[in-house]
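Structures incoming, each one as structure tokens.
Shared chain: chain A. Partners: chain B in the first complex, chain C in the second.
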Partner chain A sequence: MKKVQFKSYYSQYFFLAPQLLILLIFLYWPIIQTFKDAFTMQDAFGFGSQFAGFDNFLFVFSDPSYFTAFKFTIIYSFVITLITGSIGLLLAVQANKVLHGKNVYKTLLIWPYAIAPAVVGVMANYFFSERYGLLHHLFNNLWGFNWYEDVFDAYIYVIIAGSWKQISANFIFFLAGLQAIQKTVIEASIIDCKSNIRRFWTITFPLLMPTTFFLIIINITYAFFDTFGIIDTTTIGAPGSETKTLVYKAYIDGFKGLDLGSAGAQSIMMMIIVLFITIFQFRYIEGKIHYN
Partner chain B sequence: MKKLISIFVLLVSFAFTSNSYSKTEIHWWYGNSGFLGDVIIEIANRFNDSQDEYMVIPTGKGSYEDNMAATIAAFRAGDQPHYSQVYDAGAAIMVAQVKNGVVIGFEEMAEKYGIDVDADNYIPGIKNFYADGDGKMIGVPFNSSTCLMYANMDILNEVGIEEVPKTYEEFEGMAQKILDAGYIPLLQSHSPWIWTENFFSRHNLLMTDGNNGYDDVPTKTLFADTEAFVYHWTKVKEWYEKGYYGYKGRAWGDNQAPFTNGEAAFWFGSAASFGGMKGVLPNFTTNPIPYWDSVTGGKEYPTFIGGAANWILNGHTEEEYKGLAKFIEFMGSPEMDLYYHNMTGYAAVTKGGIELAETINFYRASPYHKAVGDQLGLEGSTIPGGYRAGNWPQIREVIYENVEPMLNGDISVEKALGNMDKGAAKLLKQFAKTL
Partner chain C sequence: MTRHISSTINHCILLIGLLIMIVPVWIIFASSTHSSLFINTNGLQFFLGDNFIENYSRVLFKKSGFFNEITALKMFFNSFVMATGIATLSVITSLMAAYGLVYFKIKYATIIFWLIFITLLVPLELRIMPSYIVMSKLNLVNTFAGLILPISASAIATFFFRQFYKSIPDELLEAAKLDGTSSWRFFIDFLVPLSKTMIAAVFIFMFVFGYNQYLWPLIMTTSEQYWTVVMGLKTMYGSISDRFAFVIMSMIPPVLIIVFLQKLFIQGIFQNK
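So, the complex of A and B:
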């Protein structure tokens, strides 16, 4: 094979420039600004700016609602990952078995993925409205549902709102994963084992591990960052600050409260958390997965 | 080639047409939406039609918070509007920005460009709310409301109540009757604004140290230290448990909806709230907000001004400020003041506007409009007419965060108010560092 070589040293930089420029402007520059905000104390208009050391971080750590948000974000991402993953998998396995009208099922199950989180939130708003909400009335008849004050009920509200759309994403990837499994493997396993369920857990599911791993990361990232629109259009963090995600709290403090120092410190904390989650996943979980 | 030429010709002609209409543009950003936003556009249109040198371009930025954030972001980018509507909770931040050259005070502007509206023409309570420590008016009063009590008279007639309650004691006495008839006795739409800030003003009590921040930069709120305030929330919690008071979350509209639908007897909202109710709810009245007789000894005190003011931002040309001065003059005229009062239900903010209303017997024609002026016009307060406390938007958030667990019984009233004080003290300290 012949290697392509550039004659000039400059042309490669020329072709790289647009990409680098975009990264620089939209990624690195904001990150630098965030660091600047996090380590300075300034008023809303940017005056009186002075180096504050770790004051902003100490301020964040002494705020009980920050830990509430932390707790909620962990619970939220865990539950959403679990729910969307398992329902997505169940639907994918079932849809994969369908012989007639396969495409209709597929298309219908994929649709919700195209809806923006804020719109999902507004729709959930209708379902959970005290006045005309279907789900509100259902839960209310079951146990006296009141998300205005009950933390558990508020969790149910945002978890249902947050999961619905993401189930579609999980469905697509699991379905693709299932279809990538070679027919011969499945056929061979049918001869060895009669039980559908056992076959699934011993043959199919291990073969889906790369997809599952990928989806866990995607789902956690989704629950961390993309649910902003859902929280903002449903509970706005109530009751108390029990349903604020870390992103939502940083937004409230930075944009509504106009405290950029605290918001910057929170953003850096978030960066560190995501870094740790990613390292943990690649270190301890990925090692147990066998790609082909 | 022909195509290119024709496009070029088209562009040039566009440039010329817009040039021939060229007026000095004045940008006005606001944080109202829906009907209130439409009225703002109408005001700008009327001004634009009244002369042909200047053109005011109003731009809605969403909510009050959104507009404030947008204005700040624009200022930091060097692209700020001339005039921006900032709400009560942001007043301390805006007043503090005069020394940084972000905001131009009204009186300085009036002196320089000869605005024919004197600061003293604005009614004192409203003027003082947007003034600095020396009493110089900085923000230009605009939509000024306060919290009022709306009463559904059909429900009251049905259960045989003849008089709307003046005090919380009276309300407490009639709540059971209303509840028994199957209605929600009481709802309110904004716990920090109505039942915190204006609880203090209505009862002539100081809310923060430093004389509500007018004398010194405040370092703490006096929530748990104020016996009457603890008593009030203990009662509210009791009412909530008995069903006298219904809590429908933080959203303004969710708390208002049952009242508008005729399911609740009383609702506390803004003076500007009746627009959406007229013609929907057949028989309602607007009344002053109740007070605790046991706290004030039967005396009534005025509440704080709610709503927003317009603030003049620095960094534009002489010519543009001349136009803005004309616009401020236009908005301060008795006719425009009364027009706005009539359309929205916000208080008339100028003495001229109030006089005009009386001359034409306006309140006989529309009694809904009267309560706001009556309540704001009360006299005898010994506390300042507002509060100068920074980071207040976040302190409101802290208040909300503690009201909910208090109502559902997770924490006691004392603990909740103590938490509010603690959270507020931290935020006030943080703000003091940036001064």
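So, the complex of A and C:
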């Protein structure tokens, strides 16, 4: 922290109080409730409940649809990260090179970033509807597209819907990363290496590593949580439970299925996963890698 | 010559990127200007029709929803109240909390630090059901307070401000202390004006974040009077061109904010990356 600080008996608590108060009531209370739910078993009518130890967790682990959701979440995060990262990088590299119209391209490429995932999902819905959908017709002519029965087709649906707006986010960060690379480094490398492509992979891309790493985390978090609105407005998990993310499944089991114990256990599992991602992220931010 | 070719390739790739981003929204927009009858028989349209004013004014002013109790205009109002509330509340509380953390000698600093930042591990999606139960115990279902408070309970803005304060040179406080400035005056007279850009950036970020909320309003509002735009999209009923028009309108506020304030927004993100 700061070397020079204020010393006071109560002022600091005055500044901290509003946030702490909101966090305690609207965050810690529900979280404590989540833990309570996870370790209690409620009877089917919600009249009574009793301590259940790890029964809810065992139940979740013995549920094959939990593993389906786990598998889908991993595939979904991986594919979205890969697609949006590579398209975002490709576009950012081009936008950084062009002399004319840089700002026009920039503005026209970043605006989808602002659109809510649920809105994107509703839009995707139209493009994949049997009646009006252009993409539905296109894929149907190619191989007989049927997302509510075929898992692969459903994957294509939610991956396209989930990737579209995230390309913008990747573009913004990669462009900023590229602009932060010093001109002298690039100029020096031009003398040593004539090939554009080789120069990109040996000089520019390594310099972009911090940005790439940061974006991988951003994209994974997006695929875990923000895609809720997309799944809920497109496939709703169909066919079966094949396109439910872990977060979506926890919501369905808790809110629709009213199985608080299972939902609580699933939430805690998710918290552990997020904890690992965050530790990873914090270590990166605190020990930020500097190349320039 | 080769330079010419490579620059052409650059522009071509960028144009393809632009098309991927623009065409889907354009098609929905163009389709929203046709009558539903026309869409139902001819599918999505690429060219504009002449029902623009008719469709959009119908969506904005005619009551719809499950019980026909709400207009899109009212939903926009609700969304704005919610987004402004979230942005204002989180900027004020975070600005203060970050000040308390960075500029004071605190006895249990580490504990308070973790108490605040561990909340980043628990997004609203993970505590949705218990949060609902807490809100109904507090009688906050179907209120703006219920829509705003749990979303404002986030440490992300505090994290931004803390990083920013840490980048301010220590000399500023040393000089202020020599003059005998109180902690309260230092905050109001020095730090708040210095943080203007950051405050604006965080405000925009939180506004768009609040406006785009989907799951929470869906759960918190059983009365149509509190429906917001983004959740209303799924639940609103109407003819197909009404729904297209509503989709287009729903994205206008956040998109305008990002397009016109992009410099501020990006600056805000990057001061903290």
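Simple rule for what comes next: the second predicted complex is superposed on the first by the 263 of 292 C-alpha atoms of A that agree within 3 Å, B and C clash if a C-alpha of one lies under 4 Å from a C-alpha of the other, contacts with A are read in each partner's own complex, and residues count from 1 in each chain.
In this section, a contact is a pair of C-beta atoms (placed from the backbone, for glycine too) under 8 Å apart; a residue touches a chain by one contact, two chains touch by 3 or more.
What you are looking at is a predicted structure, and each value in this text was computed from that prediction instead of being measured.
Novice: Just checking: does A:27 make contact with chain B only, chain C only, both, or neither of them? Give me first, second, both or neither.
Specialist: Once the two structures are laid over each other on A, A:27 reaches chain C alone.
Novice: Let me test your reading of the model: by the given contact rule, A:42 touches which partner, first (chain B), second (chain C), both or neither?
Specialist: First partner only.
Novice: Looking at the overlay, what does A:257 touch: chain B (first), chain C (second), both, or neither?
Specialist: The answer is first: A:257 touches chain B but not chain C.
Novice: Go through the superposed model and pick first if A:131 touches only chain B, second if only chain C, both, or neither.
Specialist: The answer is both, since A:131 touches chain B and chain C.
Novice: May I ask you to name which of chain B and chain C touches more residues of chain A?
Specialist: C
Novice: Scan A:9 for contacts with chain B and chain C and give back first, second, both or neither.
Specialist: Touch partners of A:9: none, neither chain B nor chain C.
Novice: Quick check on the superposed pair: does A:150 touch chain B, chain C, both, or neither? Answer first, second, both or neither.
Specialist: It touches chain B, and chain C stays clear.
Novice: Check chain A for residues that touch chain B in one structure and chain C in the other, and list them.
Specialist: Residues 131, 255, which sit in both footprints.
Novice: Quick check: in the complex, which residue numbers of chain A touch chain B?
Specialist: Residue list for chain A touching chain B: 41-48, 52, 55, 59, 62-65, 130-131, 147-150, 235-236, 238-241, 252-253, 255-259, 261-262.
Novice: Taking the complex as given, what residues does chain B use to touch chain A?
Specialist: 65, 68-69, 72, 75-76, 93, 96-97, 100, 102, 247-251, 254, 257-258, 261, 391, 393-394, 397-398, 400-402, 404-405, 407-408, 419, 423, 426-427, 430-431, 433-435
Novice: Considering only the defined contacts, which chain A positions touch chain C in the complex?
Specialist: Touching chain C: residues 1-8, 11-16, 18-20, 22-23, 25-27, 29-31, 33-34, 37, 87, 90-91, 94-95, 97-99, 101, 105-119, 122-123, 126-127, 131-134, 164, 167-168, 171-173, 176, 196, 214, 225, 228-229, 232-233, 247, 250-251, 254-255, 260, 263-264, 267, 270-271, 274-275, 278 of chain A.
Novice: Which residues of chain C touch chain A once you look at their complex with the stated criterion?
Specialist: Chain C reaches chain A through residues 6-7, 10-11, 13-14, 17-18, 20-22, 24-25, 27-28, 39-40, 43-44, 89, 92-94, 96-97, 99-106, 109, 112, 115-116, 119-123, 125-134, 138, 149-150, 152-153, 155, 158, 166, 170, 173-174, 177, 183-184, 186-187, 208, 211-215, 219, 230-231, 233-234, 240, 243-244, 247, 250-251, 254-255, 257-259, 262, 266, 269-270, 273.
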